[in-house]
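Each of the two complexes below includes chain A, the first together with chain B, the second together with chain C.
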Partner chain A sequence: MNEVLFLTWVRGMGLNIAIGIFVLGTLLRLLEIYTLGRKPDLATPRHRAGASGLHTVFRRSLPPPGMFKKSPASYVAGYVFHIGLFIVVLLSAQHIKLIQSLTGVWWPNLPAQFIDAATVVTLAAMVLVLVERINKPVKRFLSTFEDYAAWMLTFLPVLTGYLATHHLLLPYTAMLALHIISVELLLVFLPFTKLMHVFTLWGSRWYNGDVNAKKGVAV
Partner chain B sequence: MDHETLGERLREQGISRRAFLKFCAAMASIMALPPGTANAIADAMSKATRPSVIWLSFQECTGCTESLTRSYTPTLESLIFDMISLDYHHTLQAASGFAAEKSRIDAMRNFYGKYLLVVDGSIPLHDGGIYSTIAGRTNLDLLQEAAKGAAAIIAVGTCASFGGIPNAKPNPTGAVSVSDIIKDKPVVNISGCPPIPAVITGVLAHYLTFGALPELDDLGRPRSFYGETIHDRCYRRPFYDQGKFAKTFDDEGARNGWCLFELGCKGPTTHNACATTKWNGGTSFPIESGHGCLGCSEPHFWDAGSFYSALSMPASALSLSTDAAIAGAAIGVGVSIANRFKKRAAKSVHVTATIADLEKQHE
Partner chain C sequence: MSATLNKGIGVLKEIIDAPIASFFSSCVHCGLCAEACLFYTETGDPKYTPIHKLEPLRRVYQQEYTLTGRLTKMLGLSKPVTDDELDAWQPLVYDSCTLCGRCSLVCPVGNDIVYMVRKLREGMAISGHAPDGLVEAAGRSVEIGSPMGVRLPAVKAQMKHVLEDTGIEIPLDVTGAEYMVLMSSMEIISFPEYLAAIARIMKQAKKSWTLCSDAFEATNSGIQIGVSDIARVLVQRIVDGAEKLKVKTVISPECGHAYTALRWEGPNLIGRPYTFDVLHILEVLDGFYDQGLLKISGFEEARLTFHDPCQLVRRGGVLEEPRKLLKLVANNYVEMSDPGKMNWCCGGGGGVSAIDEAENLRLVAFKTKKSQLEATGAKTLVTACANCRIVLEEGLEHYKMNVHVTGLTEMIADHLATAEINSREMP
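Right, the complex of A and B next:
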């Protein structure tokens, strides 16, 4: 299989399979998680159930007291790369075009130069969080293969996207194919790894806040 | 079939030294050789004996021969026929039938090990290769016979280089390229549908000058012509870099000559010299006429998705998504039902522990 055929496969059948697995896996996991249910809580809530769930959704986005000083890089780089990913994935002209061709829905894009800068910053921030993970003994101890795999699955699409856009390292055909297949790998593994937090983040935060409030720890 | 030197032959034909030197300089520049090489090319070529060339046409449309003979570049292509002794080419030769086949056999015998074999068209292999025959013999048979005594083989056009259109899915004739069959001879692929005539001339000039084939890329194409992509040398490239794209063939962007990437131009993935050498005596090339590149010099270009869908867009419909969504929902519901049963089963075997039980365990 040569480069052109490889590119044709990744933008044809490969994409078809990857999106298929992504849709299947995401629906399966969401249904599995949200139909799990809990035993009816017969105790009277210690705190009047208010907006603790909603508060927690936001509060968990802030570092707990003292933690920021302890590892500022994690928080800053963590925020930077998440926002960076949002910008690069959803606000670049190329990606909006793709979404438009698949769904018909589109929105305005940011200038290519801005996307470029966001990509470089995102890559740098991601490298920083990886260095932190390896350097800090506690984080290293807590890290499993899945953590490193999830990092790699997220990092490669950003890196190959930048290299493909700027025609660096490999011929465009090969790099574009690598970019698309790296995204496809991300799509395939996303529902079955911790990357599922893309969908479950807000729900689980709300649940924790709500349950804690009922146990008397209202926020 | 006299094989005097090229210099003598050109003088006989009334081609001036000046015209010949201009040709050599053009060849040197087209092959990206240093300017001084023009003289070396002139020296070597005027002393070279005109090589015998056997041209075999297999599963093809004659477009490659048309491209070669109808180019308007003055003297360049007419020079080809003075540079070489074209001993067999069934479209161009006057002889037919047994006389034609005899000239091929004579050339193969008289110049064994020295002649150049030019092939255009793919070779069908299915059903014993019966889909294309010449004088009752299959293309495969003719190719293998002619390749044995060839000094080198030049595969002209995408069909001979990579299988081309006959090789496109579902490939009913089992068409393959020359290099799929011949493994023990040097093969140069001059791909393109059709290839640029000056590239064919350039490779021949290189062979006559240096006695060897030019440097090839990983697909067997001469690097000096196929080293860069159409996109890299495209005059519309600045618009790509600025993000200015024509969205339809008749919008403002198209009229302003903006980049045709979104209209399916395959320039970024296509290696050829169209953007620099151009066509019709340097008049223009497809993108200059307002149409995107089809990618015709790349293998399997016919199967590489629509000519009109951008390279970064899906090549086919996402046909699995609906089934996947239904399957995902079904499995999800299945898992949740299984979980309910599990919970119920755990509840039914649950035994309430009393304080007495706990004390017993403690003892």
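Right, the complex of A and C next:
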């Protein structure tokens, strides 16, 4: 298969398969998790302002008191690469055009130079996150194959996107095909790995906030 | 698979609910929970990372409740949880976890880790992997009525002492009293000042109260070891006592776990809401003060600080009352670092103080409290949990620190305004 045929496949059939697995997999995982339900709490609740599931959904986006200085690199690199991914994925002209062609929905994009800079910063932050994972005893101890695989699945789309945009390393068509297939791999594996936290962390924060709010503790 | 292991795994399958499934699905192995755990921060050993303590539970979840986990299990590719593994996890689930819940406050994806440790203990205990010290304490609680083996005659002896010291008769089994007062074994054996303090405070407030001969012990080893059946029996005893005596409010003593057990877990254990209120003694005192029933005179002059009991504050929600009350009687009060809900545990909660094998580790973990305390320069350490108090006293003794530890209720009682109440002579 030459690179044009490959590109055609990843843009057509490949994308359909990936999106299919992603959507069905995510639905299955969400059902698997949230249909387990939980028992009602019979203790008389205590009410306190600022304590609720919803408060915790937002509040937990900031480091709790004293935590930032315990692990500044985790927080800084964590924020930078999450925000960077958001910008690169959702605010680049090419991605918005793709989304528009699939759904008809569109929104304004950021200038290409800005997206470029965000991509480089995101890649740097992700490298730092990986270095931390390897160097910090706790992170290394907790890490399994899945942690490194999930990192790679997230890193490759950003890297290949940058290389394709700048016509580096490989001919544009080949690099674009690699970019698209790396995104497809990410979509396929997301529901079945820790990357699923994209969807479940909101529920987790809500449960934690809710359980503690019943005791009157804002967490 | 042994029958007990089978039972343990069965219990774990039962306790896994949507929150637990959501928590395990959200964990990204960032390891920040380690920074919140004093067993990690004091030892630097990654095995004490809170989320790692849950590994057996995570695998049961993964193998039983996820499609990919079930497939790998069917193909014989997954590693089942074994007795040896649970045995190896005992020091992680019990010795090095005080159920302090600090990890649950820092997890960036919002995982309530302590909620899961508490649940994992259910499976550990049923499968025979709970520490002996806790098994024995729980046994004594069911058979004798208290984890330390305290029986009614010991309580009666203390009632007599209080009568001699304060001239106040302690009411026992008074039907229709407004308050039923509970104690912890620790208070009956080591801190008799507590009962005397209650007697004097109630007398000043002119409130009717009683002890109950069937239910004087508030602590709940069932919660600590993780056996809901035992926890239920112990809570039911208090509920029966309170309903028999038709009291309006049951007062949980200066004991953190007693409070969470009775106030937050109790109704869920017995399967219905109570017909009475449960308040911690500090909530009662705060209420008395607001109603003008607590008249205070004089101040503690010593530089003093407060140790927040985890189960009372972070896990119990009694947040403002301790400081409000302290400031009534202390004019040289200094705040410790990370006060209130971000406090650091004394190192002996969650049953850890009853586990002999955990003693050395507990003393290492105590270094956090030691340095916090040193930074305040306080010579008096006030707290509101008898277990914290014992653990703090042992830690201070071990590190040869000259700091006096006392209970807040006692300190308040020492500053009651009425001369008649303060008199220690016989009437």
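Everything below uses one rule, namely that the second predicted complex is superposed on the first by the 208 of 219 C-alpha atoms of A that agree within 3 Å, B and C clash if a C-alpha of one lies under 4 Å from a C-alpha of the other, contacts with A are read in each partner's own complex, and residues count from 1 in each chain.
Everything below uses one rule, namely that contacts are C-beta pairs under 8 Å (C-beta built on N, C-alpha and C of every residue); 3 or more make two chains touch, one makes a residue touch a chain.
Since the model is a prediction, treat every value here as computed from it, not as a measurement.
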Chain A as common anchor, with chain B and chain C clashing or fitting: fit
First (chain B), second (chain C), both or neither touched by A:36: both
Partner chain(s) touched by A:28 [first = chain B, second = chain C, both, neither]: both
Vertex chain A angle, Cα centres of chain C and chain B, expressed to the nearest 10 degrees: 160
Contact breadth on chain A, by residue count: chain C or chain B: C
Shortest CA-CA distance between chain B and chain C [superposed frame, angstrom]: 5
Footprint overlap on chain A, where chain B in one structure and chain C in the other make contact: 28-29, 32, 35-36
Contacting residues of chain A [partner chain C, same complex]: 28-29, 32-39, 41-44, 46, 48, 56-57, 60, 63-67, 70-71, 74, 78, 136-144, 147, 192, 194, 196-197, 200-201, 203-209, 211-212, 214-219
Chain A partner contacts - residues on chain B that touch it in the complex: 219, 229, 231-232, 243, 262, 268-269, 295, 298-301, 303-305, 310-321, 323-325, 327-329, 331-333, 335-336, 339
Residue ranges of chain A in contact with chain B within the complex: 2-5, 7-8, 11-13, 15-17, 19-32, 35-36, 93-94, 97-98, 101-102, 111-112, 167, 171-173, 176, 180
In the complex, chain C residues that touch chain A: 16-23, 25-32, 34-36, 40, 44, 46-47, 49, 51-52, 65-68, 104-112, 115, 263-268, 271-274, 277, 314-317, 319, 338, 341-342
